[in-house]
Amino acid sequence: MSPIDYTHILTKAVDELSDSQSYRGLFHQHREGEPLPSGKSLERIVELSRAILFPGYFGNSTINSQTINYHIGVNIEELFSLLIEQIQAGLCFGVENSGQCDCQSPCRATATQLAAEFISRLPEIRRILATDVEAAYYGDPAATCFGEIICCYPVIRAVTNYRIAHELHRLNVPLIPRIITEMAHSETGIDIHPGAQIGHHFTIDHGTGVVIGATCIIGNHVKLYQGVTLGAKSFPCDEQGNPIKGIPRHPILEDNVIVYSNATILGRITIGEGATIGGNIWVTESVPTGARIVQRKSKEN
Amino acid sequence: MSPIDYTHILTKAVDELSDSQSYRGLFHQHREGEPLPSGKSLERIVELSRAILFPGYFGNSTINSQTINYHIGVNIEELFSLLIEQIQAGLCFGVENSGQCDCQSPCRATATQLAAEFISRLPEIRRILATDVEAAYYGDPAATCFGEIICCYPVIRAVTNYRIAHELHRLNVPLIPRIITEMAHSETGIDIHPGAQIGHHFTIDHGTGVVIGATCIIGNHVKLYQGVTLGAKSFPCDEQGNPIKGIPRHPILEDNVIVYSNATILGRITIGEGATIGGNIWVTESVPTGARIVQRKSKEN
Amino acid sequence: MSPIDYTHILTKAVDELSDSQSYRGLFHQHREGEPLPSGKSLERIVELSRAILFPGYFGNSTINSQTINYHIGVNIEELFSLLIEQIQAGLCFGVENSGQCDCQSPCRATATQLAAEFISRLPEIRRILATDVEAAYYGDPAATCFGEIICCYPVIRAVTNYRIAHELHRLNVPLIPRIITEMAHSETGIDIHPGAQIGHHFTIDHGTGVVIGATCIIGNHVKLYQGVTLGAKSFPCDEQGNPIKGIPRHPILEDNVIVYSNATILGRITIGEGATIGGNIWVTESVPTGARIVQRKSKEN
Amino acid sequence: MSPIDYTHILTKAVDELSDSQSYRGLFHQHREGEPLPSGKSLERIVELSRAILFPGYFGNSTINSQTINYHIGVNIEELFSLLIEQIQAGLCFGVENSGQCDCQSPCRATATQLAAEFISRLPEIRRILATDVEAAYYGDPAATCFGEIICCYPVIRAVTNYRIAHELHRLNVPLIPRIITEMAHSETGIDIHPGAQIGHHFTIDHGTGVVIGATCIIGNHVKLYQGVTLGAKSFPCDEQGNPIKGIPRHPILEDNVIVYSNATILGRITIGEGATIGGNIWVTESVPTGARIVQRKSKEN
Amino acid sequence: MSPIDYTHILTKAVDELSDSQSYRGLFHQHREGEPLPSGKSLERIVELSRAILFPGYFGNSTINSQTINYHIGVNIEELFSLLIEQIQAGLCFGVENSGQCDCQSPCRATATQLAAEFISRLPEIRRILATDVEAAYYGDPAATCFGEIICCYPVIRAVTNYRIAHELHRLNVPLIPRIITEMAHSETGIDIHPGAQIGHHFTIDHGTGVVIGATCIIGNHVKLYQGVTLGAKSFPCDEQGNPIKGIPRHPILEDNVIVYSNATILGRITIGEGATIGGNIWVTESVPTGARIVQRKSKEN
Amino acid sequence: MSPIDYTHILTKAVDELSDSQSYRGLFHQHREGEPLPSGKSLERIVELSRAILFPGYFGNSTINSQTINYHIGVNIEELFSLLIEQIQAGLCFGVENSGQCDCQSPCRATATQLAAEFISRLPEIRRILATDVEAAYYGDPAATCFGEIICCYPVIRAVTNYRIAHELHRLNVPLIPRIITEMAHSETGIDIHPGAQIGHHFTIDHGTGVVIGATCIIGNHVKLYQGVTLGAKSFPCDEQGNPIKGIPRHPILEDNVIVYSNATILGRITIGEGATIGGNIWVTESVPTGARIVQRKSKEN
């Protein structure tokens, strides 16, 4: 084929792909002046949050105790400014999605207020993350010190993203919390929905393949291993066949529960306080306090 | 040790590692002027494809319906040019590998033709991806809108890479398709071989740990959960003990099959239409239409 | 709220987060002049090592057999210099952690010596990695050539990082080896502790979700599939309730063992030579030579 | 000195430099939400303008005549969006500077209108730049083709920036035009004030050191050499000793004037049509039509 | 104006600017597969050349005498590869420009040969640059050592670019040499045409504003100061009014000439051996051996 | 020529260029562990200094008066750390150059002390730069406000670099000050030697081509125009023909002197208080207080 034929093929593809029939439902129409959810900004938001919460471990590592407030100050200011933009992007996305939108400036004011609210909760987020670091340390004989946990353990990255995203979720910010937890999912293989509620001293060992659903409720001092699913069993649909949103459909894990690797716990059941769930099993019914559930013996073949 | 000793250690290591005995089988000898498979170019190819297929969600997000054709046009032109280079790199790699190579310019001409062919299939790729987005939306009560699916759900990234790679695989391009699906594997934990055949309205929930083998055939409206393996049970070797290539050895899933988390389905068996496979089980025999297979009850210990 | 109120919220958060009570245990205090563990440097260290070990596949791909020593030479020199810095950072981190530190220059001298020692072991690392490439090739009918294995297969990246990290671990470098294996964990979903001992001709198919614990001993010609856990069953604590470090607590796999997907093998048990462990099962007792262990039949429901 | 002393020195310097007395007049106080003049955005604006005006020479060079409109389209859209932001930044800067500011949204609307107005003038800017390219080509025996002029000759970069900046200046945008011409000044050594008026077929040979003042009026077919100054002789001050702004104080050069290297022409004088000014001389009085002015003979010493 | 009006303005501008009438002479039509002159590649070419010629001063500075050949080797290989591409781009540009072009592969072969030829001249280029460094050092009392000259003095950058470009010019490579000298012009304010012939021990003090024309011939041990012009006085045109190319029209400076700042020497005249030209004067007639020419005394006013 | 021939040419060039005879005087041998003068670090040092001295104009522009100390604090800490490294690099370079070197740690301690000393002088540097901004503003009718001066005027960049470099020069740091002023030279065309002494309220209009020599002494309220040279007339050599270093050889300009464009003032002469030097003239003798010197009238030709 001659170059002219190739040009013809390309321009034909351009025309087809620019046809509004072709991109229906797959196209995000942008209104001038509106901020956009930005993966790059959100990555920076996560970086800044990690640098603020674990000073010296993430971000500029040369800080010392005399100059720490300069660093925290600069990071919080940048975080505030990026959050305003991304929260506004989330709000616009949400409004647009619901089909009722004539805001613009109100959105900006709301976003600013929510960003400030989020900033004011950072000390509390640090307080609970400190308990998660402890739990990881005391739960792993291979760990040599808190610093190793913070630097290397994927659970810290996943749970930090989750705790940040969960606060934004509580402030009713659409879309943004989910993108933040999916960033940790991609980085660590741990998929925690921002809607889940998780107590203090929470840890996950290794972590790849863990799934924690949107309506999970997890108590304090809970430990999961890699590959654990806390999922939904099935979900009711409305008359049009659409899944009904917002119904509790994921498990409740009470305090001090341990779930071993690759176990699957499905549905709105309760795993009682102190219970232990063995690896590679499928649990769809509630488990009483203190119980131990394991796989039936495998056989030699 | 003095600096001179260290220099000696370094130059000794250089000599050993530059010895042709040492790098046999691990060295890719480059012929001047030939393009190379490039991770960076392939990442850009995936970015461009996503930006073309889901305009406004990936790539330059400020586009609107009046100017969409400028963006699609520029992206397709860049995509075409990068594809020619990478397809040629794949062809050279393949030829070299088979030990019979005296092409060069023919390679470039062939690569150009294949790249144009690929471009012309993009509208069809978008059409089927639209059904995958729908399937993900209707299959997850936590999803609030199509936009959230496209922005956040790892399945969309994995399946987009797969559908792109599968077209290149159908065009007999060596190596490149596999690199593209491995990029999605690293990003999402979902490992789909470009050779697999997958129908429309396909979705995977959460996805980490999913494996779909090279000779799988998957019908329409199939849904998988995280950790599902569609693998080979064993494989025959030839007289030299090398595995025989190209024999169908992975499962067939008919329409409307659901496979729950961490299930393992192995071998050239058929899971019949509408069947449901429970989580954490190992299936090595065919399953009839409409059947439900689950794990034996676990026991309290 | 007016801008002034927001400034007040921000500065209040800065003050709280800069308070030494708030960051206890989460703060890494830096001493002037000391190098820091750097994710970016360690990524470069891994890149350089891959480029040296698999010339032409990673790093500058245009090398040929006449000029290979220039490339290896430049890469080894940069590697040496980065390793000195990162090993010193690891040593300082370790010393600090143990609370006894007045070194500085001794650290630098030790780091230089260890880096040179590491460099001198690179030819041996390449030799064993060549067997891993072979094992991957002969174990997968979908593989078309060695080059495809090296370019695309996640196992190569994970095992390369592990073999590098294991050498640094043997040289008693703190922290750094673990960061290197976690980088591969994030990239491939394969989590191998640098302390594990692994023989030649080792391979992992697909790999996502694999966990290999710190005290594992793995023979030659062993093959794992995705989702396999080689973990600890439980661990004794000392009188203060801290887990006791350094006790062998992970499995021993003898030569020629195969473990299928999602199997979980826990505790200091031995899987005898040539044994096969089926998928999705939980093994906590030793398995004799040549045995085949599979899941109990699942049932239709 | 001990580390503690150094910390003291640093924090003392921080305090002094953060004292409002210290930074009076040197500090740009930022109001939240307002865009800022950004060197990086303005560099991109210049890049985009050059790519639009000289397609294939600047920017993406792989365009051809079939696909040129895609490229121009995408570039104009990005240019429009960046211009809105930077024009708004200029307007805010100007208002702030005059001490009367309660705008915000009006600024944005005005900026959008001015940016659109600027875009609509681009075809005219290209038309006149085409004459400048011609003038450079016919004026230099060393030039081999138009393409060489556009690629290499600093005059094209300087005059393009000037013609862009001059249009923004005519639209009364503060600050931004000056930054744009200073960018060319740094790149080429040619300093043209955006307020100057310059006819078509204008060229400057070599160019380093050329200065063209704010109230210059230059006719058509004028040629300058390196080091030429068209400056002000002196300027009247008001009662407070401040220079009075806006008085014509730079030369008028009529059509077809040539000024040789390092000549200095000062004050509101007129160089008549077709006059030639020799190099290294100082001219402070008007020169009649067609005259040739040269330096007095130098002497041997 | 509403958004729709703005879209109309933008698309109208796109249409006008994509009209072939509008871009005639200003558009570089690209043929698929052909390399393009690339500012970025040429910057890298200059960087590599400087690193090769002055090892340890430019480029990777950590080299020592044991490992220098690794660095030179890697740099030369990259330089060779980039030169082939850029020389080919220059050849295509030249051919296209002359309107007679049906080459393609011949171009590539020629480019490779010329690049190899250039590489083989690098030792000679270094030899002469060593004399320029000496001349700069012995000519400036402010210089403290050779290293300071190489690191800081703009003349070294300008003359290095010139000597590289001059070799490419001698090999009849179109366009590329000129871009290389213009890069130094922008960086240093020194504008040397690649066609000029310059002897050894050449230096320029400060340098901003120096211009050396295409047909200049400069002997050995010549020193110029800032602002010196060695230009053409006028040039004959052919019957169509186009300047006639290739006629000698710039000065000849014999050995040991010194020209002080801002002097302008024009036309094909000869400045005799050992002559001194004073600052700020205009010289258009030959100057005898050993003469000293200065400005007429200025007067008090 | 075949590829093998090219390889031969390349390796021959590598050998010649790696020969120690070839690079004598042009090679900077690096000692392991020593910092190197780094253009990139020095650019960052200049950026940070500008951001500290003119907050909100350079660097992070979103600062306001409540949060300014966070930004100044973080910038000063980074500046301190980079300065230590670069000052040490300068000290090592100087020692090496003088041929007497067995320092290492003393160097680091000295560098730290000098860096702290420099930091403590920043408030004074800002105080004097504020007078330079004023002088530029009151000296140019085209300037609309202080902000425009700081943002756009090249003199501010050149004089800031000079005042920084001059302090380092006073602290006897070798090499580094000169690199810093040459960076401004390249950016603005203004070449000020760090050794020059310059009073307050100093300004340069336009600036391209200005040269201020190492032993100049310039009073307060002095104004220069573009192209002005304050240079040396000639310099005595010692018995070996080397220029004698450190002899005063550049002009003294007393308070309130104005020098117009392209004037050249040479030698250790004194331009008396309030004198005015016209453009394009060459001055080699002292000028009395209040005098006005201009070029002899040019003539019509």
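Lettered A, B, C, D, E and F in written order, each chain numbered from 1.
By definition in this document, a residue touches a chain if its C-beta (ideal position, glycine included) is under 8 Å from a C-beta of that chain, and two chains touch if they have at least 3 such contacts.
Protein identities per chain, from UniProt: A, B, C, D, E, F = Serine acetyltransferase.
Not measured: the values here are computed from a predicted model.
Overlaying subunit A on subunit F by C-alpha atoms takes a rotation of 180 degrees, rounded in steps of 5. A repeat of the A-C interface exists among C-E, A-B or A-F; more than half of the contact pairs are identical by residue number at A-B. Inter-chain centre distance (subunit B to subunit E, centres taken as mean C-alpha positions): 49 Å. Put simply, the C-alpha centre of subunit B and that of subunit F have 56 angstrom between them. In whole angstrom, the spacing between the mean C-alpha positions of subunit B and subunit C is 25. Touching two or more other chains at once are residues 6, 10-11, 14, 32, 62-64, 67, 69-70, 72-73, 77, 81, 112, 189, 208-209, 227, 262, 278, 280-281, 294-296 of subunit C. Contact residues on subunit B toward subunit D in their complex (touch as defined above): 60, 62-63, 67, 69-74, 77-78, 81. Of all residues in subunit F, only 7, 10-11, 14, 32-33, 64, 66-67, 70, 81, 105, 108, 112 touch subunit C in the complex they form. Residue ranges on subunit E touching subunit F, taken from their complex, read 52-57, 61-65, 68-69, 72-73, 76-77, 80, 112-113, 116, 119-120, 122-123, 126-127, 129-130, 133-134, 138-142, 144-148, 150-154, 187-189, 206, 208-209, 225-227, 260-262, 278-281, 294-301.
Remark: subunit A residues 1, 5-6, 9-18, 20, 22-32, 36-38, 93-94, 97, 174-175, 178-179, 182, 185-186, 189, 191, 193, 195, 208-209, 211, 213-214, 227, 229, 231-232, 235, 241-247, 249, 262-264, 266, 278, 280-283, 291-296 touch subunit B in the complex.
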